[in-house]
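Here is the structure we will look at.
Chain lettering (A, B, C and D) follows the sequence in which the chains are written, and residue indices restart at 1 in each chain.
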């Protein structure tokens, strides 16, 4: 047992942090200006500049466990880098490490044909195009993923796809060229073998981005979250990944590392919010004292430090388990960090908002925006409630056969 | 001791609720369309229609304790009506009972000269103009109101005003014609006698609305929250209300009832969020059961019901004390509801968001918007922390002399 | 709506409080000495003296809604008196208002025959004997009361009773002469009509008090909580109250007012804990300041004040509803206070313990003892969880038919 | 970074766990019987038997970082063993690893003269005598340790000691032969150099154990917590450890590892409480379902699992820092686990109590007893509040000079 980062990781942490300090944090204001001034739904020049710089510095595709294409980092090694990148909304994309592309690239690396890799993976790895993941649907409770109703029906050599997806992040971005669609293909199969993942080009006839979905008033432009209609969309049969009915099998693998990434980014945001809270608490004075010396403010800082440290350790341990015993054995640990990381981030950000007064809820600081983003993560791949249920069942499984715990 | 609403209040509650059902709730979608389609910062036709209807039905200026101009209701009588009106963002204005106009009208009724009443109170009572309240400042910790630094200096028969205010709600609205400005006039006086309230017409030279301040990404158009610059603004000396250095004296009176109103509106919002949570929990199905039957969801509903009931009773009791023993004796009780009401609303809304999944954070439901609004109330006239400190000191004051508790 | 106590209640409050100040609080130390020095399981002289004094002052049987035998107070009128009495462990018995006797006396008033009243009610009203209530059982989850398995079988003119009860408070007391036993008599009947209440004299052959059950190490002597074995106990058939299978019907009525009493006593304890916390916080100094001025201590005091006020109002409102619309309509409100009152008391006491340091967990102050007592109330007539479920279902019942919410 | 236990630690964990399973857990009932049946304040035969067995198996003095006398384990290596031992109240003493002896032995190893080691350390290492630590005092707020007022005055070759200590754990035990007394010796020195630690034999004239202090009704016999009077106690001058005025210097070192031990034991208790909660939740049925399937019970299990995992990782990381960068640099991390570990244990135990119903607060299960024990740990070497303040200041120290944060 050793809690120190390895020299390799430590060196990468320093390089990534130096890049953030030199380039990414200073770019934040520029980014919001460019979004506000131009067409909100067009990519910004500043992000393209950041990408070019990061690529030039060799800080690119750090997430990829495949060492030929990426850095070959384990989850445990990548996690502390994701934390640092996540401390700015611009960080992940700058390093070509942003969701949902990272998950989609991993799927393509593992399950794509050579042709598919050439067509979609190469430009994704190069940061030339972006992608989206079509899973959640407006008409059903998506907390139960087996509720998904969008249909793909085989007709000869093609799939004919009909349905409606939403919270399809990034679909609004004109660079988004490909969707990994998940839908019902085999309704007669057992519950977790009815759905498949299929590659759907965004310019396929019948694909319509209906609208963007705001989050607490933020549109997240130019990335955004879309509602997408699929009407008689036809794609080649071979666009199905891994095989018919194996959608959940891919999802398990895809969402595991993706969630570690999300959690570490949450922690990065929480760290930065704590830093802002501390700085504000010594910079502002009320009743003749710095805010830090008033009432329970010091306690709020202490609690934030404690909660962040615990969330980080829990997440790193989950990463370690994924690396050593695999996602399936680590299922409870992964579910645990899904519950913990965004909730901790929300608590810390909320306290930081309070320390900033009215400025905290405005756009003069990124706190309210972060709050909105973290709040969605309590829902994004399954609500807290579903994760808690699965952790609880896993725990009980030590004492009774799992069959007795079926259902909710 | 009698917890039943009086027949008079009960009848008014039914009339106000009927108006909400018939006119206000159905107008919400129309309102958002009109704001989205036109110039966001222009008043909407739909709200003017609602105002005309409410006035025609005699449901107008219900808030005014003065029975000649308004309904002559006590705080305890008005509170349950504010709750109902507050259950929609459009409710308060429809009945000409919206902040900050209500507080400003009360100030004018009590302290305005006949000329001032004619010029500003009459059109406010008629819903023809709106007003704003210039208190919070960007450069200082406003949790300590004595920090206010905007200056008004007497020069002959005039005040010359310089300073910067923000979170000046409604200043962006073109109908906003008058600001009640609070600023430093007597810096040599004791701490709570240094500031005065002065009427400043919004079209006075030197008054500039610099920008609107978003709240969690929402601009609250067309009302909004502004940052306002005052540069060498000159107004007649008699525009000072009540007298030099008496700003805090007015604020005490102004903010007491205003806060009861805010708190009851928070409760109205919480009730509606609970209703939505219940409806969603029986309408959606996951894992073969309605959401209401899964895990701790029923507990969340129960806790929400309990917390709302307690917050309402606490607020009504505070209103009762204000009516019977006065704002000063009721200071702790008023501070208590300031802490409780928005925090309860936030908890209930957050649970309702969770029950709605992704839809909960989007604009398809008003939940995220309500969350943002309630979140600002934890700061709006003093942060929770300041209220808690004052409640704590009040409690200790039963055991030791207040002098020993000075400072924070 | 009027939050002031009526003159009648106010006068009684003052008399009861004066009695507490003059006689009960000073008796506490004496009581513990007498228990420690003598046989722990014998009544103390000091309590008998208190009873004599209270009776002489006409403060006796205040709880009885029947005005011939008692004071004829409504629940709303009695509640504030129960609060004051409950602020000392000796208070309720001093006024002959202590559980479980109060509930048992109410049952006898309503359902007892004249002979039963003569035999049991008269000496209970006179404070000459005590009683117990045999409901909870060790072998089953008592959160579901229909689990009760102790059997009473009719044989001719007699009931033959077998079973095991525990948490039978007061059964250890030698003055305890009568048990109201609840058990299974009609196993074939519908779920809530299978059980009956039967009067069982404690000296009936076959009744054995097996042991006393400590609560967090406290034995609560000489009252205590017993495990009682009933082996072939024979009592006359007419000892059944109200009728066969009507046990739950009685329980509903019995436990409603009883719980209001418990809740108000919890609030009385919480008030006294808050008082102790305040006094300690100004009496002790650390780091050069009174504890009250350190960190978040003032916040803890403020939160305690808020929570107590809310719990009291919620309980008084529930009492009002019981008086005006009846226990059945008030079922959700009664369940709400069952959740709130002990939990609030626990939070306040816990903070008071923390302010007292090591002294707080010892017997030098009554805080830890109160904590133990309040903790049991989260279980005593149904755990929090069961009450929350019933509140949640009641809330959902506004939107869907109750049948859809059956089961848990 | 590697979260796996080393093979050495893993092997020791298995041996210790096997000993607990085979000998310690089964001894618990016996222990309580022996205490209840004999003189409560005499050592029990069963514990002596356990000690002999553990010593025979070579599982003895595991805590000692000195590898000649003990196992030479680092804090990180010892921590997981302390967790397992701590899962039973009998565990630590069985392995001669119980407080306060462990801390006292470490002090003697480092600062004792050869004669002192012969006289006190040898029999302590052999488990033949026990010791106590005289720090906390009844008359002052011990949260500020500099408040300590017991005096030791030098007279020639002797110290003359006067004062009163309480919460002196173990002083009631007849085997307790030596106290490490901490008191005021140099009142004119700077604040943290006024106190010294002095060895005081318990049989020295003038040492009187006044009474035992119960914790929530438990006397913790035969160990217990004593109030000790020291009246003109005379001991040789050389009994002062390390040197005059260096008491706090020793305390820093003594309490660091000690607290890691306490925290890991808290986690051990929490784990066992979770196990009991799980087992009960599947063994009992209400409303036709096992408790685990009702309402939010599964969530309570999940939250417990999450909180325990986080507390363990935080504690292990603090141990790692103590080993690698030292107690001083790890000060914030040590303070963090002091806050977290007992609070997590309390939450888990409380949920377990709730799942057990009335049995949970009685002595049929150890839950209420554990609750009482963990509750004292929120006070035992400094209340939560003091630790939070120090964590908060440490965090702010990253942004402003520490001098600005002096005082509270």
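Methods note: contacts are C-beta pairs under 8 Å (C-beta built on N, C-alpha and C of every residue); 3 or more make two chains touch, one makes a residue touch a chain.
Owing to the predicted nature of the structure, the values given are computational and were not obtained by experimental measurement.
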Pair joined by the larger number of C-beta contacts - B-D, A-B: A-B
Maximum centroid distance from chain B, chain identifier (CA atoms): D
Geometric centre distance via CA averages, chain B-chain A, whole Å: 37
Distance between chain centroids, defined by C-alpha means - chain A, chain D (Å): 43
Inter-centroid spacing, chain D versus chain B (mean Cα positions, whole Å): 52
Per-residue multi-chain contacts in chain A, two or more chains: 295-299, 385, 388-389
Footprint of chain C on chain D - complex, ascending: 136, 138, 140-144, 147, 166-167, 213-219, 284-289, 291, 293-297, 353-354, 357-364, 368-369, 371-372, 375-376, 378-380, 383-385, 388-389, 407-408
Residues of chain B defined as touching chain D within the complex: 295-296, 298-299
Chain D-touching residues of chain A, taken from the complex the two chains share: 1-6, 9, 76, 274-275, 278-279, 281-282, 290, 292, 297-303, 305-306, 309-311, 313-314, 316-317, 320-321, 324, 332-333, 336, 339-340, 385, 387-389, 391-396, 398-400, 404-405
